[in-house]
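Consider the two complexes below, in which subunit A is the common component and subunit B and subunit C are the respective partners.
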Partner chain A sequence: MEKRVLLVMQDGRVVMGILVGWDQKSNIILSECIERRFSLESGAVDTSLGVYMVKGDQICLVGELDTGVDDATQWSEIRAEPLPALRYGET
Partner chain B sequence: MLPLSLLKAAQGKPMMVELKNGESFNGHLIDCDTFMNITLREVYQTSADSDRFWKLKEVYIRGSTIKYLQVQPALLDSVKEEQQRAREAGRSNAGGQRGGRGMNRGNARGRVRGGPGARGRGRGG
Partner chain C sequence: MLIFSVFKTLTDQTVTVELKNDLCITGVLKSVDQYLNIRLDAIKVQNADQHPHMMAVRNCFIRGSVVRYVQLPASAMDTQLLEDATRRESGKKI
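Right after this comes the complex of A and B.
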């Protein structure tokens, strides 16, 4: 509670924020949210989003963020493919 | 803090809702329920590719189609304050009530056990 977490949504978005609340359906409230967009053309870009309430059924993963490592990383130098949205069984 | 209490506190306040299909809605929250179905008023709708916009008087959004919603940061503080007030009020009320009920229950049980139990033993001896 009240720790910074990293949340990955099913559409591939990566959001970091302070875990303020949750419920039985794992709907989650995050405050001081930052979205981190990755791209191959330039470094990762952070965007401030404020308070978010994400529906549980849209969440892929939530984990505690190591703020020390996060702050020490030069994300603007890191180029990476953005996460694709969740796909269901392609046979 | 429960997501639904935040949503309830956001009634009358502006918010942004993004749907699973990528469309987003900016407007004032009028009402919501436990399924997170919501109605918004004075809404600006944005298409998923965010190149088309619509102005709508009122919209109803089914809760299950919502991806996330964004509210004003100030709302968090007002909900926290409200919950703190409720906790304090609850503590001062429930404290007296709990004690009273406990005492009554204890007395009643004592009487029931004491009566027939004692008589039974008496006959047996």
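Right after this comes the complex of A and C.
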């Protein structure tokens, strides 16, 4: 079962790739990995990263990608602030 | 363990999870585990126009350690029962 997933990391980075491995500590191995950088000045930019091993404690969220929606979206047109890093304590 | 059981009784209910990166995600609670990792189906991100990052995501897994709040449906909660259970649980440890 090789599915495309989207990872949100604790520092706010968004990384997508094919889920090829995981363990109980939610360490995850992704192949054909792409980082999607968001900014307000220009649209989202994709950067190819290759194979990635992400430590479980750096992961915030793992989402199952709907490839139809993902492919149909013109990400280069979408402007948004990058996701913030985790914030602990007082708001 | 008590809170784990509470979440287990809430499966298939719609909940809103606020993460420590200020993202609010509403979805159907599908499962929880001992770390309070949460699986949500049919998710919707609040302020979707400001947070388009997860537009193509339907179902997701949230690490328990990054959850700040979980908003529960009041109708599915029995606060009296919960109060008694928490008292009993804290009484056990002393």
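By our rule, the second predicted complex is superposed on the first by the 89 of 91 C-alpha atoms of A that agree within 3 Å, B and C clash if a C-alpha of one lies under 4 Å from a C-alpha of the other, contacts with A are read in each partner's own complex, and residues count from 1 in each chain.
Note that in this section contacts are C-beta pairs under 8 Å (C-beta built on N, C-alpha and C of every residue); 3 or more make two chains touch, one makes a residue touch a chain.
If you're wondering where the values come from, they're calculated on a predicted model, not measured in any experiment.
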Determine, under the contact definition given at the top, whether A:34 touches first (subunit B), second (subunit C), both, or neither.
neither
Based on the superposed arrangement, let me know which partner A:86 touches: subunit B (first), subunit C (second), both, or neither?
second
Is A:8 touching anything from subunit B or subunit C once the two structures are fitted on A? First, second, both or neither.
second
Spot which of subunit B and subunit C makes contact with more residues of subunit A, would you?
C
Between subunit B and subunit C, whom does A:64 touch in the aligned arrangement: first, second, both, or neither?
second
Subunit B versus subunit C as contact partner of A:21, first or second or both or neither
first
Looking at the overlay, does A:50 come into contact with subunit B only (first), subunit C only (second), both, or neither?
first
Show me the subunit A residues, by the header's touch rule, that subunit B contacts in one structure and subunit C contacts in the other.
57
What residues on subunit A touch subunit B, complex-wise?
9, 11, 20-23, 27-29, 31-32, 49-55, 57-58
Per the touch rule above, subunit B residues touching subunit A in the complex are 1-7, 20, 22, 36, 64, 66-73, 75-76
Residue ranges of subunit A touching subunit C (in the complex, touch as defined)
6, 8, 10, 12, 14, 26, 36, 38, 56-57, 59-67, 69-70, 73, 78, 80-81, 83-88
Sort out for me which residues of subunit C touch subunit A in the complex.
19-23, 37, 43, 50-63, 65-66
